[in-house]
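Several structures are given next for inspection.
Note that subunit A is present in both complexes that follow, paired respectively with subunit B and with subunit C.
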Partner chain A sequence: MGLIELAAAKALASSAVFLFITLLMMAAAKRISTCIVLFSIQSAIMAAEILGMAYAGKSVAAYAVAALVITVKVIAIPYALFRIVKDLKASQDVSSSTTGAQSVFIMAGLILLSFFAVAPYAITLRLDEDLLAAAVALLLAGAFLMVSRKKALMQVIGLLVLENGIFVAALTTTYGMPLVIEIGIFFDLLMGVFLMGLFVFRIRDTFEHLDVSKLRRLRG
Partner chain B sequence: MTLVLLLLIPFLAALLVLICKQPQRAVRVAMTAGALEIAAIANAVWRIGFEGVLEFGRYLRADGLTAFFLLNIGVILALVLAYSIGYLRHIPAGRFSSPRWFYSLTFLFVFTMIAVFLSANLGMLWICVESTTLASALLVGFYNTKGAVEAGWKYLVVCTVGIAFALFGTIALYLAAVKSGVNPASALDWAALMSAAPSLGATSNLVKLSFVFVVVGYGTKIGFVPMHSWLPDAHAEAPTPISAMLSAVLLNCALYALLRFDTITSHAIGSGFSHSLLLIFGCLSVAVAALLMVVQRDLKRLLAYSSIEHMGIAAIGIGIGGPLGLFGALLHTFNHSVAKSLMFFTAGYVRENFGTLRMRRIHGMARTLPWTSAGLVVGSIAIAGLPPFGLFISEFMILTAAFSTSRYLIALLLMVALSVVFGALLHHFQRMLAGKRVDLPEKPKLLPTDFALMGVCMAILIVLGIHIPSAFAGILQRALVVLQ
Partner chain C sequence: MNLAINLIQALLLIAIAPLVSGIIARSKAQMQNRRGASLWRPYAELLKLFRKQDLVPDTASALFRFAPVILFAATATAAAFVPVLHPSALFDVSGDIILFVYLLAIGRFFLMLGAMDGGSSFGGLGASREALVSALAEAPLLLALISVAILSHTVSLSGIVLATVRQDPLHLSAVYAFALGALVLVAIAETGRIPVDNPSTHLELTMIHEAMVLEYSGPSLALIEWASAMKLTLILALLTGIFAPWGMATNASIAALFLAPLVFAVKLALLAAVIAVIESSIAKLRIYLIPDFLGMASALAILAVAFTALMR
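On to the complex of A and B.
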């Protein structure tokens, strides 16, 4: 086995563990910019995984998807989020409703839960159990970040993590969807983040704060 | 080419309107583009009637079901554009509150919804449904008030998360198709999936998993309880023409996506599983929305909850299934679109004249605004499901289907809920209508187009309530063929 094959195999085999580490660090993170960096690293791990698959499967489409992930999720979206954080000139605190220790504990619980959830499917469909669990864990973690963090930007990051989970699920189960569909999904994602950024500014301008738990004018 | 034209006109219109700096010219361009688009839709529906299925390339496809929903969007687009002429006189000038932005975003919204109907591929269907959220979020937050920004944010976040679940469901179905031996390159194409559907039964667990995620995902967009939290806010805070469009076309758009998945799932593992889920969500939506309608204070929120209720009724119709249930459900979505547009238009007139939508603060409407009141009364009789209007026929069909398949509990729930809704509407509207004439600040009178469009809505509802024209019945029948 050559060196590159070995690297590709290693990347595939251990990427789930790296994904779990980013999740636990995200739970512990106190500043929004830390979460953005972690999201970027998480996407880079996914990109490495896709490159490994592309190399193993000799698939041109997979290389294209990897390039898309790197440009959109590793570079463009984190860059845009950093710009928003800078332009907002607001406090960097994620304003969590759980303490750091509690968050890490809950996140670990979610990771365990996802292993239990995927066990029956992984056996019958003969899929990689670790990566499938990582996909479900990313989904749950994204949802957890969205409900427990009060800052509007953290909801965007939670959504992105959730979307990463779906992406990993598609990757492990079907080696990705047809290329045209992938491109469409990326375009939608980019537009979505752009629009949410726009709304974050509008929330700041009309409410003079960014705490979405205080948005409660519309009830009933 | 017919299909490309359908997408090209609204897209170009969205760009073209944006360069018209003068409000008058923007309105003129928008009306011309709207007329062209409606002609293109009529042409497409006509040709689908003759040729059955139209295709363009790998990704655009239109069959009987598409034709029915295209007709729906065509009618509502015509009504909304006509209404917007009068409505725009009240939009205050501002950076973002200008007619060209309004029309540009509206055409973009229409473009994405038509793209949903024309998608030949379930992945592309997902992409288009997600873009409808993106295109309409700015319209919901159009006024930039506190309420509008909050509603827009909530709409964007709740629907994007919901739709993400639908993507997960789509991937699960893709996996099921690939595992059953469908070529991966075409395993999301509607035609390939339909022909392979019987063999998907081997992976029934995956198909079930996929449908659960899809019903939660697209159900968020349809407004099924308990995923409905965005819907009343968005409907109440959006500009009135957009409220009508959200309620009358966008919800149907998401229902269309769910119908496609329901058909494949039913073919693969039998209709029992998917239809029970639809019945559960339908009953829950009808019951909760009916009760919440009693306690509403804002007219547009009341109408939004009524939309949830009617989508629940349509879901029950699909869930009961059979030719009668499905026919009733499809007819119901169309009837609901027309009746709800009429109601939102009158709500808009009320807002312009009384300056509020708080129902407690509105009195003496019948004497002050006789024509608007007539529209409100006719519309509320129609959405309460009383004869001689179309919704009576479609609700009657769904009830008949429920009784003939001996689902007495569901029929009972539906009848009780409809009575509660009728009581709620009566309770709210009799207070608004009765009372002495109120002196209001002088406001521009209704335009001839306003009378015309209220008349058209009423005429459609009455015609569908008395006798369904054979051409329309033919379109409905061809839609049913696709679903069975």
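On to the complex of A and C.
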């Protein structure tokens, strides 16, 4: 067994654990920039996973998808988010409605829940249970981040984490979607982040804060 | 032969403890662009304190004198349970993970009693804060150790270390990852480092450990300082032993026995450097945020225990 094959097998076997670790750290993170870095790391773990699959399956399309993930999710989107954070000149606090310990407890509960949720499917479909659970955990975690964090930028990051979950789910159940569709999804995502960035600026200019819990009335 | 190595590793932990705090202080100073004191300064400090007079407050009872001795003795006994150079320890009884945790707790309990016996208001303040921190740190510490014990099917520290040594170093188990996270947070709280407690402060609003030892002087203070340095070294040795024991002497060959202390020294120095980086880059937490900090450790420890059932 060559060294590269060994690394590919290890990347596949332990990527679920690394994804869980990034989720728990996101729950504990107090600053928006930390969350952006963690999102970038999370996407890098996914890219490693795809590279492992591409090596095992000898598929050229998978290499292209991995390259897309690295350029869009690991570099471009975090860079754009960092620019937004810098230009907003707002405070870095995520302003969570749960305390740090509560968030980590809830995140731990979501991870366990996702294991119980996928157990029947993993057996009948003969899939990797850990990775499927990681996909469901990413979905739940993204939704949790969106509802519990009050800063408008954290809703964007929550949505991106949720999207990562859908991506991992597609990867584990069908070994990824066709390349054309992947490209479409990435383009969509990039446009989405730009639009949401614009929205965040509009919210800041109209309301002079980014706290979505205070957005109760319509304003012109 | 085995007995000799066990004895040497227990004494080694006791002897190098001041050096570890010296390394941390030195690397912290260098990160802050200062030259820093010599690595051997903690030894000189201990020697100086042992030669000085032991002043006891008029209000104190005999407990005030006994507390540092009991603290030192309990910590030194705990040192005999930690495998360092090879996966076996001087005292190796079944269930010693629990004994190890509570030997440290006994020492801390007597330190708190001694602090309150000293009669100054700072002693009581420090003791009550220490009681808060230790009560919150106990559950995650035990849970994390138990999760590792479940995974390795043994409740002795040497057995756990032996099980990890035999594992494939590239194999990453979720239980180990979560238990490591919980234990690192607990270790910071237990040893009173930043962000939970600042070991070099004497500001009454923030200090925990330093408030407890304010009334102590001379040989008593030396014993307390040595014991707390030893506790730090013990917990670092425990972390390397459970999570990265590779490099320990698994057979009695001369080469392995010479290599083991070197590898241990490198690991310890690396951890000391990590502590210096953390202490130079993170601010101390407000005291009311410490329950939150240790709550994260509890969540990780519970997750680690739950994963022992999932990861089969």
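Please note the rule applied: the second predicted complex is superposed on the first by the 217 of 220 C-alpha atoms of A that agree within 3 Å, B and C clash if a C-alpha of one lies under 4 Å from a C-alpha of the other, contacts with A are read in each partner's own complex, and residues count from 1 in each chain.
Keep in mind that, in the parts below, a contact is a pair of C-beta atoms (placed from the backbone, for glycine too) under 8 Å apart; a residue touches a chain by one contact, two chains touch by 3 or more.
The structure presented is a predicted model; accordingly, all values stated were derived computationally and were not measured.
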Worksheet item: Clash or fit: what happens to subunit B and subunit C when subunit A is overlaid?
Response: fit
Worksheet item: In the superposed arrangement, does A:R202 touch subunit B (first), subunit C (second), both or neither?
Response: first
Discussion item. For A:L24, using the defined touch cut-off, is the partner it touches subunit B, subunit C, both, or neither? Pick first, second, both or neither.
Written reply: second
Item to complete: Tell me which of subunit B and subunit C touches more residues of subunit A.
Response: B
Discussion item. Taking the superposition on A as described, I'd like to know which of subunit B and subunit C A:M191 touches: first, second, both or neither.
Written reply: first
Discussion item. On the A-aligned overlay, A:S14 touches which partner chain: subunit B = first, subunit C = second, or both, or neither?
Written reply: second
Item to complete: Rounded to a multiple of 10, tell me what angle the C-alpha centres of subunit B and subunit C make at the one for subunit A, in degrees.
Response: 150
Worksheet item: Counting only touches as set out at the top, which of subunit B and subunit C does A:T173 meet: first, second, both, neither?
Response: first
Item to complete: Go through the superposed model and pick first if A:F105 touches only subunit B, second if only subunit C, both, or neither.
Response: second
Discussion item. In the overlaid three-chain picture, which partner chain does A:E49 touch, first (subunit B) or second (subunit C), both, or neither?
Written reply: neither
Discussion item. By the touch definition at the top of the document, which applies to A:F115: first (subunit B), second (subunit C), both, or neither?
Written reply: second
Worksheet entry | subunit B versus subunit C - smallest C-alpha distance in the overlay, whole Å | 24
Worksheet item: Which bits of subunit B are touching subunit A when the two form their complex?
Response: 59, 121, 123-124, 126-127, 130-131, 134, 137-138, 141, 144-147, 149-154, 156-157, 160-161, 164, 167-168, 171-172, 174-175, 178-179, 184-185, 188, 205-206, 232-233, 236-237, 292, 295-296, 301
Worksheet item: Once bound in the complex, which stretches of subunit A touch subunit C?
Response: 6, 10, 13-14, 16-17, 20-21, 24, 28, 99-102, 104-105, 107-108, 111-112, 115, 130
Item to complete: Sort out for me which residues of subunit A touch subunit B in the complex.
Response: 121, 124-125, 139, 143, 146, 152, 155, 159, 162-163, 166, 169-170, 173-174, 177-178, 180-181, 184-185, 187-188, 191-192, 195-196, 198-199, 202-203, 206-207, 212, 215, 217-218, 220
Worksheet item: For the complex, which residues does subunit C have touching subunit A?
Response: 170-174, 177-178, 181, 291-296, 298-300, 302-303, 306, 310
